[in-house]
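There's a structure below that I have some questions on.
A, B, C and D label the chains in the order they appear, each numbered from 1.
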Amino acid sequence: MIVDAVSWVLLTLGGFSVLIGGIGALRMPDLYTRMHAASVTDSLGTMLVLAGVILQAGFTLAAVKLAATLIFLLFTSPTAANALASAALMAGINPGLATPWRQEPRS
Amino acid sequence: MTVFIIIFLLTLLVITALAIVQTSNLFAAAMLAGIFSLISAMTFFLLDAADVALTEAAVGAGISTVLFLGALALTADHERAGTAGRLIALVVVTAIAAVLIYTTFDMPRLGDPNAPSQLHVAPWYLEKTPEYIDVPNVVTAVLASFRGYDTLGETFVVFTAGIGVLFLLGKAPVGQPKLSPAMTFAGKAGLRHYQIPRVVGRLLIPFILLFALYVQFHGDYGPGGGFQAGVIVAASIVLFALLEGEERALQALPAGLLKLLAAAGALLYGFTGVACMLLGGEFLNYSVLAHDPVHGQHYGILIIEAGVGFTVTGVLISIFHSFAARGAK
Amino acid sequence: MMDLLGLYNYWVFAILLMIGFYAVTAKQNLIKKLIGLSIFQSAVFLLYITIGPVEGGTAPIFHEGAARQVYSNPLPSVLILTAIVVGISTLALGLAIIVRIKEAYGSVEENEIREIDRQ
Amino acid sequence: MIYYAVIVAILVTMGLALARALIGPTVYDRVLAMNMIGTKTVLLLAVVAFFMERPDFLDLALTYALINFIGTLAVLEFFRVRAQRRIAEEKEEGQSPLSGADAP
């Protein structure tokens, strides 16, 4: 019962942060701030939603798979964000308020 | 509820497709094609086709974006000319779409249990699979045993496509200036100097390979099988090539070995069929492979799924190398 | 209303098919044509998969303790599963041909290639 | 019941991310949108697998979680290669300014 309640709270918060991040990714002024908003859905939202579903699953194989999914996502999605930011910086996309700057490619 | 999720996703799918056709930036089109693949995998899952969704996931996330980018690095990433005969094409396309939509009113509705397709072959497969083959995943049973001929053909098509790519791109281009390996896609060093992707990627490659083995051998019990596992193995090698440079990937898995793998997989499949004939059964009738016909079917499925996995892995990695190395050799 | 919603998948199939067809016929860029071809292919996949599900059914993988014992049609899954992998291999073949065309003509636009051929 | 709310939130976010992919304005925004839709797909698969009472299909979510970032790494490699070529061209032009100016 308590587990159910906790999982509901987690799922609600997760859905909320997923939505907030989505709105931010649409509304923010430049690429880097948009990436920041997207990270709210990619990390926080993912953690909350998957934690909520894990609590629903209980001690089963499904919970293990969900935990593995969560761990791998926490590795891969920041890496993808880092790669994307490197690519954008290399191409000379500047943050809205910063002075122009370009990173040289590492061969 | 599921119906409404499907309708929403299909609408997104149409919007994405329109955007793909409309944009003149081919790089953007490749990214939108990635989104298209993600949404369609989700739709397939909701339409009760878990195996297809897994295949689409592996292909769309692991291989097709990389292939498109490799080809764009060799050609151009912008459309120059617009469209020709746009008006005629639009009229024709609209007319055909109208006719197609008109004919759909006679189609059985989604999920109709009395649709002709649900009444004929499908119930037989669902009923006889536990008796003849006894694996939980009916899709694998149909794929590998009941329709084994079909899958043999498909495996050889994949193999032939791989041979075609090797023929077209295997030899160095004539009369073109040689590029330095640092300037080809995933050439000499790849992303070796980008530490964060490199550390994380190297950490994950063993897990991806392990997961591919799970998909390969769990294919009888859940979604999976040789096709999906082959694509996932290829994706992990592509990841290695991106991180460490194509040269080092070729040192780990030489091109000759990949060709051998592709050929050996297709041959393994074919020879399993011949072995069945030699043991007194029909071509690809695995029941004769063991004393118990059901066990024979299990062995047969295991062997031919391995063959399919070998071929898909070998062909897809060879294709990646052909695109990546183009221009430097 | 619900009756018509059951046809939505087919409509999307028709529209996607025609979007792909439009890209193949009207676009000049060869890579764009190939992307159009893969949209066309996806439309066909969607048609096949739409035939599969049964009302109240689940994916055709037997599992114990199931509340529902109705399983969807396995055959479309089998056909499309192999077609997706074949599709990516043939897409690669098409891209390889385009790369060779680019090396031979210096362009991947159909009208420019025709122009060079005429000379 | 709670699943409905989460599913709707994820679907709406997918729609918003797709809108970002359509607007652009840079190609990187489109890559960002693809990443977002990728993680949303993982979440949706995980939630829907429970919603449809088939938790054994979580393999799909695991597949995406493991290999969806390969595409983004390929994007980084693509732009690295392009920047390398640009630098090489600039160097060539710098060494022989006359022929560089005449080159098409």
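Note that a residue touches a chain if its C-beta (ideal position, glycine included) is under 8 Å from a C-beta of that chain, and two chains touch if they have at least 3 such contacts.
Keep in mind that what you see is a predicted model, and the values were worked out from it rather than measured.
When the interfaces C-D and A-B are ranked by how many C-beta pairs touch across them, A-B comes first. Chain centres here are Cα means. That of chain A falls 30 Å from that of chain C.
Between the CA-based centres of chain C and chain D the separation comes to 21 Å, rounded to the whole angstrom. Computed centre separation for the pair chain A/chain B is 28 angstrom, with centres defined by C-alpha atoms. Chain A and chain D have Cα centroids lying 13 Å from one another. Counting only residues that touch two or more partner chains, chain D has 14, 31, 33, 52, 54, 56-57, 59, 62, 66, 68, 73, 75-76, 78, 80, 84.
Contacts with at least two other chains are made by residues 58-59, 61, 63 of chain C. Contact of a single residue of chain A with at least two other chains is seen at positions 72, 76, 79, 83, 86, 106-107. Chain pairs that touch one another are A-B, A-D, B-C, B-D, C-D. Residues 2-3, 5-6, 8-10, 12-14, 16-17, 19-20, 26, 28-29, 31-33, 35-36, 39-40, 42-43, 46-47, 49-50, 55-56, 58-59, 61-62, 65-66, 68-69, 72-73, 75-76, 78-80, 83-84, 87 of chain D are the ones that touch chain A when the two sit in their complex.
Interface of chain A with chain B (complex): residues 72, 75-76, 79, 82-83, 86, 106-107.
Those residues of chain B that touch chain C in the complex are listed here as 3, 6-7, 10-11, 13-14, 17-18, 20-21, 26, 29-30, 33, 36, 40, 43-44, 47-52, 55-56, 59, 63-64, 67-68, 71-72, 74-76, 79-86, 89-90, 92-94, 96-97, 100-101, 104-105, 107, 109-113, 115, 117-118, 121-122, 125-126, 130, 136-139, 141-143, 147, 150-151, 154, 157-158, 161-162, 164-165, 168-169, 173, 176, 221-223, 225, 227, 230-231, 312, 315-316, 319, 322-323, 326. Within the complex, the chain D residues that touch chain C are 52-54, 56-57. Partner chain A is touched in their complex by these residues of chain B: 182, 189, 191, 193-194, 196-197, 200-201, 203-204, 207.
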